[in-house]
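Both complexes shown next keep subunit A, but they swap its partner, so subunit B is in the first and subunit C is in the second.
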Partner chain A sequence: MKLRGVQQTKWWGVVVFIAAILIFPLIVTQSFFITQATFAGIYAIIAIGLGLLMGYAGQISLGQAAFYGVGAYTTSILTATWGWSPWLSLPIALLVPALLAIVMGYTMSRLSGYYLAMATLALGIIVHGLLVEGKGITMGASGFYGIPQLSLFGMTINQGVPYYFLVWFFVLLVLILSLNIVHSRVGRALRSIHDSEIASSSMGVNTGRYKMQVFILSASFAGLAGWLFAHMSYSISPSAFTFDASILFLAMVVLGGSGSVWGALIGALLIRMIGITVHTLGEQFSFITSDSEHVIYGLILILVVIFMPKGLFPTVIDWFKNTSIKRAEKKSSVPVTPIKQSVSE
Partner chain B sequence: MQDFLQFTLTGITIGSIYAIVALGFVTIYSVTKVINLAQGEFVMLGGLTMFSLVSVGVPYWLSFIATILFVTFIGWLMENLLIRRAKGADAISLIILTIGTSIFIRGISSMVWGKDQHTVAPFTKNTPVEIGGASITPQSIWVILIMLLVVGLMYMFIDKTMLGKAFQASSVNPMAARLMGISPKRMSSFSFVLSAALGAIAGLAIAPIIFPAYDMGAMLGIKGFSAAILGGLGSAPGAVIGGLLIGLFESMGAGYISSGMKDIITFSIFLLILIIRPNGILGEKTIGKGGL
Partner chain C sequence: MLQVESITKRFGGVVANSDVSFSVDEGQIVGLIGPNGAGKSTMFNMISSIFPPTEGNILFCGKRIDSLPSYKVAPLGISRTFQNLQVFKNMTVIENVMVGQHMRTKQNLSGVASMLLGISKNERKVYEEAMDILSFFNLELLYDQKASSLSLGKLRLLEFARAYATEPKLLLLDEIAAGLNHSETSEMSELIKRVRDSGVTILVVEHDMDLVMSICDKLVVLDQGMKIAEGAPKEIQANEAVIAAYLGAEIEEEVV
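Here is the complex of A and B:
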């Protein structure tokens, strides 16, 4: 039975997604693009978490890079300094950012709106500062090096195609988990919070608890991305976890569409593709520099907010649905009731 | 004690700049409910435009006025081309729109002015003055005076002129203001013009001290925003107090602990104050939710 307002996970989307992951390394073989695709996967994990937070819980985080950095440094210190196995440090790299989010969430539970946005921004600056200044533990601004590679069943997972598959396997897990969450009772509660917090709280939804849970989840996702990033590279430095990185994650979510799990994923891919395109063009034409990349990011953010306030993915899906309804109307000459419910898968 | 006085003077100087930037945030926020994270870019544009004009030989005080006019024009352009078109967007989207604008302006500026820091001559001869064992440069005194002047003028304007009253009305109750014949469109446009002018003035005042570069706007914007939040978003006296406090935390942190730790200390104290007073020092309960 299909209930109004109840959305179900469309599994064909997941199947197409798996096929795309498997086919990509067969078509594209240059190691540069494989590495970029691996990075895109790492960013996609963060973007999906941030998308849940923004699109479903209606909260904005300007400091998501803090959780990403904490995850990366947690695993680096555990494995390189203390000699843990990377697999053993994985749960810790998820837990520490989550704990940070819990502390933030509880102390900041009275904050909302712009105050919360500024509080997350402050957290991001504090964490970045501590990574630079805590020289004894994090090796400071020059970066932490000597992070061991991952190995599975005695085989090292090298950078390149093996690591690409590892990262996208985790993206798949995160994607399925998130789709299930948004299509469950929790997801409906979250969407109601996003639409009207007062209305949903008077309907008996514990708004504070749900918002907290999503915040913790998004922090853990960022921690997972940090873990993947650290073990992909031999060294990491605080410059990867700045305010600019937080803004980049925000840009991914907005571009793809914040009310959509798929949107966040697509946003992460698109932002990465834009970066690569500008970079490759820059190699051919000397007047295109890394500055142009910033100008283009800025322009994209501006244009998307003005022309597609919902983001790329939901806008395209809505357009597609509406045209198919019009076609159906033409054929049957009986008006078909338009789909009022916007996609928020 | 001598150190303390020195750090206080430094803190008040930089705090004055944060206060002016924070006033810019409050001006736009109170009328349009938009948080303009491109506010720091106005400051950067102020400093760098001044540099360019002076270096092509325009007289100092003429370039001063030309710079304010130019940055004000950019603010007007931003409101007319971008903010006005996205009126239906929600609060998160509007923040992102201003972030996009800020990245865009910064990108263009790095193409125009390069990545180097530039030098701008101080307003007057710059021999440090001794006050009770602490030294202060005349330019720092200028910065503090300009802040006081700006605060005074803003007060006069908001409280004593008809335009200022209209401005206040549309921030308190936009609907009633509209019924009284005040155009919200014009007020929104005017708030951007005014806060761009404030940004330009801050940029002009600070340029001889911090050597402007294309990327100075980001941190100034963040500090100004935190000052506005700390004082209580929507409150002009709050913005000034918040700005001075942030400046003082920063110079005390840099002076007594280490300059690398100053941001960590500043933002930690900032978070602590927010935990105690979630609506800022002078904020009211209903202000600052901004639909988020």
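Here is the complex of A and C:
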């Protein structure tokens, strides 16, 4: 059922997405690329959550890596130290980052301006510090090891194609959930807050509560990504959850386009591809070091903000729409004006 | 319906409203007028709980509303438009109206998650209702346009429609005719009367004297933060203090 003039989920997009997930491992068989694609999926989950926060609640978080790390360490400790089943620790890995987000949200009472950005920046640094220093629990900077693998119906989900499918199955869930939220009454309320908070609250929208809910949701998504990351490998270390990682997530959203669920997903894929390209080039040319990656991400951020502030995905979509209108005009040689003047004029 | 009781508002040393009292009865169109800087918009912002008054009470249907957060005022039945246009410009015309219907529809996050395929019945109902509201305001042909592509006159109508979509008992119109041409203004005054006839009480802040004099049942005149007169348009036109403070100045200008 189509309601014209209202943003709705385009299900053919989801179908194309599922097809792409299924086809990818058939075409690309090198285990290196499968692993990279699995990582890309984990990042995509975080990026989608951050994209909702930035594009729909108009807030910036510079500490998504903290929620990601808390999720990963929560499940690691529960499963490796306490011997829980990983499936049992999944809800806890979602819940702990969410609780952290709730506490942060309440202390700042009303998330406004750049306070959330500053506070999450601090959170990221604190969490990283705790992971390094809390040696008794987290095993410190050298990393936490002995994390059990996931198994389903008695079969172990190995790194490689099986884990790739597991991760992208979760990406699909997150994607559909996010698209539904965005295209519902709640999503409309969120978009209205982004345009005019004062008008939004005059329409009876509890703006503070909605922003808080999105913040909690984005933290939970990051927690889910952390859970997937932890059980993918035997060990994790705090170096995966630094401020650099938070900036990387930010770059994904800005590049792909905040305010678009698809944009965040595509941004995550592109940033990952750039990372791999730089890495591969680095093996051939000694002057390209891993630091060049950060230079490129910085350049991308600057260029995107200057030349397409809406981000890649929305810009491309707009461009397509405009050219198709122009083509229609050429064909009929009469300008196709979507705007009809109302009767009174 | 609305009672404003000895309201004073200070911004630091500036007194924007000083001991202002008036009331709005059900079914009336009341105009709040005065020269620039008289404190009309400040009064509006206090009635819609954008900020609280320094002293005094505001009662709506017998309930104090002056210290509520602004999102809690709309469910009581007060809605407003904005002088400086606060349309949701990245949304379409119909989506703007659907935000107006926000609090009248219920759908929580779990409902959203379960809405995996297709559109919920609720959504369809909201959409159809929004369409009805748009045709009431002569905006039905623009329903799928981005709000940012609309002309000023249409934007004012859209603000009006969005506020009306909350099904208010009291509607606050803040300079709804500002920047409109003559025919648009007269269309607007017809519309305001039609909305009143549908059972909505209306309080307007307006500079356009023709509009105010033709539609209002009662006028409240502010000057430099104080109420200087209250009464029917005819009485106000004859009021010495008002002529001196406001109308007189304008007439003199026109003569020159």
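As a working rule, the second predicted complex is superposed on the first by the 329 of 345 C-alpha atoms of A that agree within 3 Å, B and C clash if a C-alpha of one lies under 4 Å from a C-alpha of the other, contacts with A are read in each partner's own complex, and residues count from 1 in each chain.
Keep in mind that, in the parts below, contacts are C-beta pairs under 8 Å (C-beta built on N, C-alpha and C of every residue); 3 or more make two chains touch, one makes a residue touch a chain.
These numbers come from a predicted model, not from an experiment.
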Have a look at where A:184 lands relative to subunit B and subunit C in the superposition and call it first, second, both or neither.
second
So in the superposed three-chain picture, is A:107 touching just subunit B, just subunit C, both, or none of them (first/second/both/neither)?
first
Just subunit B (first), just subunit C (second), both, or neither: which does A:205 touch?
second
With the two complexes superposed on chain A, say which partner A:325 touches: subunit B (first), subunit C (second), both, or neither.
neither
In the superposed arrangement, does A:192 touch subunit B (first), subunit C (second), both or neither?
second
Could you pull out which subunit A residues touch subunit B in their complex?
54, 58-60, 107-108, 110-119, 121-123, 125-126, 129-130, 132-133, 243, 247, 250-251, 254, 258, 289, 291-295, 297-302, 305-306, 309
Would you mind writing out the residues of subunit B in touch with subunit A in their complex?
35, 82, 85-86, 88-97, 99-108, 110-111, 218, 222, 225-226, 229, 233, 258, 260-261, 263-264, 267-268, 270-271, 274-275, 278-280, 288-292
Contacts from subunit A onto subunit C in the complex sit at residues 1, 3-8, 11, 176-177, 180-181, 184-186, 188-189, 191-192, 194-196, 198-207, 213, 338-344
Contact footprint of subunit A on subunit C as seen in their complex
48, 50, 69-75, 79-80, 82, 86-96, 98-100, 102-103, 105, 107, 109, 112-113, 115-119, 123-124, 126-127, 138-145, 149, 154, 162-163, 166, 183, 187
